[in-house]
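In the two complexes that follow, chain A is the common piece, with chain B as its partner first and chain C second.
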Partner chain A sequence: MKKKTDHFSWWMYALYALILAAVMLLCICVGSVNIPLKNTLTVMWNTLWGLELPQGVSKNIILKVRLPRVMNVALVGACLSLCGAAMQGLLRNPLADGTTLGVSSGASLGAVIALAFGVALPGMENAGTVGMAIVFAFLSLLLILSLSYVLDRSMSTHSIILIGVIFSMFTSSAMNLIITFAQEQVKSIVFWTMGSLSGTHYRHSLLLAAGLLVCGGIIFGHARELNAFAVGEDNARHIGVNVIKVKLTILIAVSVLIGICVSVSGTIGFVGLVMPHMTRMVVGPNHKRLLVSSVFSGAVFLMLADLAARTLLSPVELSIGVVTSLVGAVAFIIIFYRTRKAG
Partner chain B sequence: MSKKIVSLFLVLLMCIGMCNAAIAQDAAVSVTDMYGREIVLDEPAKRIIAMTPADCEILCAIGCEDLLVARGEYCDYPESILALPSLTTGGNLNVEEILALEPQVILMGDMNQSAEQVQQLEDNGVKVVVSQSTDIEGVYTAIRMISALVGKTDAGEQVIADMQNTFTAISELCEKSDKTIYFEVMPLEWGLWTAGAQTFMHELAHVCGMENAFADLIDWQPISQEQVIERDPDYIVLVTGMGETAADEVLSRDGWEDMKAVQNKLVFNADSYAMTRPGPRLAQSAIDLYEFLYNTEFVEAAE
Partner chain C sequence: MLKGEHVTVRYGDHTVVNDLSFHLREGMWLMLAGPNGAGKSSLIHAVSQGVPYGGVITLEGKDVRRYKPTQLAQKIGVLSQKNNVGYAFSVEEVVSLGRYAHARGFLAGKDEQGDAQVEYALELTGLTGLRKANALKLSGGEMQRMFLAQVFAQDPSILILDEPANHLDLVYQKHIFSLISEWLKTPGRAVLSVVHDLNLAKKYGTHAVLMNNGSCVAQGELAQVLTPQNLQTVYNMDVYGWMREMLAQWQ
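Our next item is the complex of A and B:
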């Protein structure tokens, strides 16, 4: 790999796209129900070109159950992984991601409040949950940042992480309190917090894609500043980065993305924390490469994890979180070991 | 000679003594709970706490509602027991609160209360009795166990006989068919769960002469949506407790529109509390299920 240019050359992007497409196809073709490959391809090809579908083909399973799920899984994986990469760079902390910063738990708290008090917005089903998750991700971020600002004017990374952890504990207590009092909706809340992507629709994909496009675009636009942050906050300040403004912009973009992800899938751990690390081991720490690569690796990883969850014990379906933690931990150790050995 | 008479007299006395002892022992109660633990009481229990809704319903069905001193938080049937103090269950078990109520026996399910908590209760003289049934035979065992605990075995047998009679009456009305029922225990929104073999829901399907669409699974299991669409059951029975709109939600699911049950609108939003609890109301659940499946009223045959 050439180290001279910051960006990948076009063929690297082509390779990523190819891998992504291949994994996506695999995930659509393989599932809990065995559908012949030829049928799957026919359904997809014919739908793509608006052709008549042959009779007796399980088009509903492919088009209305599997495809939206695979797309949502890929998008959630991409978003979480990107958020993790951005935060780890920004805060120069290998343990930073949506969970440690308290944004995920803030979003969960928002969604739980929406469920417990029946907050609903007109127009879209579950819009209340999505809206509240995003709003609370925002609010928790504002709270964390202003608290860190009050305590430490330079908003050093340590104070942000520390307050994030404290905030996570606070929100989990608040959630428990709500669950205790909201007896009637208790079932709904408890199961919601476990997270599931099994009943997601195309409209969720639209939401996720829009979020990834806008917030991802903003984060990509700050790749240069992230590189500066990775060296050190003082370094960033010295080379003319408006530290607080950039921090705020990136953290807001991240919190919106995490809010959307949490409202669609509940909390899925491990992806945001581990995928950026694994990606960094392969492509290096330059954010111009790392951010893009993290999007792809997150998507591919979560799709494969979901594939395993759907098929390993078929017809029984595993929880995706179980698979991400299991597979992720093992893969992480292997890659870590190899890079150490090679280095 | 007189010696013989004396010894005979002594033997007689001993016999009477033994009889007396036997009578005295009659008051003592010994049952084996559903974890296989031996529980011995000096007399039938007078102060009982039932933590699971099913055990609560069993106690009330054998006419022992007045023995209940408190109930688990989810116990809500019959309505009159709502007046009793409600206790947190599972991992949130409040040992102090329970001890303050001075129960002799506490009936618990196989939940995530810790062994330490159970030990604490037992150390303080409260007998912990585990009731854990997943099939109808298990319900009968639980009824026998609970009625023995309170010394009302006859009432227990009566409840069991009533249940058996209902199941038999329904079975006799139904011709065996290979139509399938899919039980939805958890809604799509949280990830589907269904009932497999060795569950009372599976048995209810059989009582009504039908097959469980997921008979190849054992116990309650999470399943993928694709499997439900692929197996294309004839009937969908919801025990998700999602309110009145649950059936409409199923009918409007993406990708489910070509399924037989959806096309024919054969989706039954069952009384989820009755059908998910291993208790006497399973008989009523069977009647409800029968009436839905055959679209006819259940009339008990005259003796």
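Our next item is the complex of A and C:
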């Protein structure tokens, strides 16, 4: 009998890492000022080992502007894509994702409230915003799922998404209401809701990486359960999955991660919807392969989207959400059409 | 092995299973029979912990509610009426999920006995050739065989079936029922099933619970339960006469 394995072999991971590194370097080199690859590599290498930097190299652009931004973009893309993959498996719904289910807008509302009313937690500069975004992300998810359960016991794909959309509208009204009355903080709120990663710092990378490590670890640890949920929730219960506990664990991990992303970058739509889906077409639905692949594809996609946002209409910089939503909306319709035809 | 006492299932104000007791012993194939809406499937859902219920169901003397989900799944396997798959998993992947309760966590990949069990289940259900096939593209019969294979891979001692051969061609109906009756021959096993078709119930069952409007009308050995009088009460028609009339067409 041949040896079976659900995981990739090591060279697949090596390939992912290679692509990731290549795209990352590309995004650091290209921009309003193009920097030769050699200079970029020299700066990064020398800084890493504490060596002297040669004269005439754009150290500040690379280390203070591009690198933190590209890292944050990659991390946000990875997190959002992972969350989308987990939710699509858990709810057995290829259209599930933070934006379509209203979790992202819930998190935004939380963050806006924190900005407008100056909610602060001790410890970190933005802890209030982060905390509120996480709490609101989870509450939104809970509210949307329980509402759809009450209205439609079978919790069908369409009712969950419908309620998610309505909830998003509600939260955006609430957000506008707050913006209307919060005159002093309007500028910071509006800047933040546009969804941008320019001007983010290394401390954001640290927060995102920690979130990805902890929540991502929890999600990865449940790959088998996600497979069972993706086959069917009843079937998952029959084979011995602790359905309620696993569902709650994954939902909490997902909302925390989305909350962190939203608090750093604002709402970036559709990454979590499109990337897991496209990844699934390539590697198949088995979550042992899908989750890790989604992390990489999400990171690569968002880095390229950010690059497009920075360079396409240069010197005007687009919001990254514009690019992802343009690509995402088209992809959404294609996915919807295909699943309807298949179902 | 499995015992239900005063089991009651309610959906809102509507009582679908009313104070029903049953006892499944080793070697038994207990058929839950009765017309549409009698509460057969709801009783099955209660046993498989899919709906909240009143009363007590015990497995080997211990309340099933006190079992961990994995412990319960090692002893009870469920094959439901309607099965479909969410994404394009391969047949093998779906069948292997049956091993979940036996090998979890990081050792899951090295479950040697599990691999053999999956292999055996695929072979038994005639799916070895379809192991790499896309589960979304299976026919109704193949789909049901795949989930039966999953239950066999799970290797429980009690099999719970909710209309396992519903919507299946006769050839698959026969195939699935003979597979299950072969499976039952190993000591220490039992089957509890909902079967709509009284012919199948009569051919394969050893015991029966006849239900109507959520309550038990009769239970015991099959021959004592499916009597002309009992069936007349429940179905409000001469079932024996109808069955003979049907059979006469083939002579």
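Definition applied: the second predicted complex is superposed on the first by the 290 of 343 C-alpha atoms of A that agree within 3 Å, B and C clash if a C-alpha of one lies under 4 Å from a C-alpha of the other, contacts with A are read in each partner's own complex, and residues count from 1 in each chain.
One rule holds for everything that comes next: a contact is a pair of C-beta atoms (placed from the backbone, for glycine too) under 8 Å apart; a residue touches a chain by one contact, two chains touch by 3 or more.
Every value quoted in this text rests on a predicted model; they were computed, and no experiment measured them.
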In the superposed model built on chain A, check whether chain B and chain C fit or clash.
fit
State whether A:66 touches chain B only (first), chain C only (second), both chains, or neither.
first
Partner chain in contact with A:286 - chain B first, chain C second, else both or neither
second
Contacts for A:228 in the overlay, against chain B (first) and chain C (second): which applies, first, second, both or neither?
second
Chain B versus chain C as contact partner of A:92, first or second or both or neither:
second
Just chain B (first), just chain C (second), both, or neither: which does A:239 touch?
second
First, second, both or neither for A:196, with chain B first and chain C second
first
Using the superposition on chain A described above, determine whether A:50 touches chain B (first), chain C (second), both, or neither.
neither
Cα-centre angle that chain B and chain C span when viewed from chain A, reported as a multiple of 10 degrees:
140
Touch test for A:317: chain B only (first), chain C only (second), both, or neither?
first
Minimum C-alpha spacing, chains overlaid - chain B and chain C, in Å
40
Check: chain A residues flagged as touching chain B and also chain C none
Chain A partner, complex, touching residues on chain C are 48-50, 68-74, 77-78, 80, 83-90, 92-94, 97-98, 100-101, 104, 108-109, 115-116, 119, 136, 147, 150, 154
Can you list the residues on chain A that touch chain C in the complex?
1, 4-7, 89, 92-94, 224, 227-228, 230-232, 234-235, 237-243, 280, 284-286, 342
Which part of chain A faces chain B closely enough to touch in the complex?
31-33, 58, 60-61, 63-66, 68, 183, 187-188, 191-192, 194, 196, 198-199, 201, 310, 314-319
Applying the document's contact rule, which stretches of chain B touch chain A when the two form their complex?
73, 186-192, 214, 216-217, 221-227, 229-230, 241, 253-258
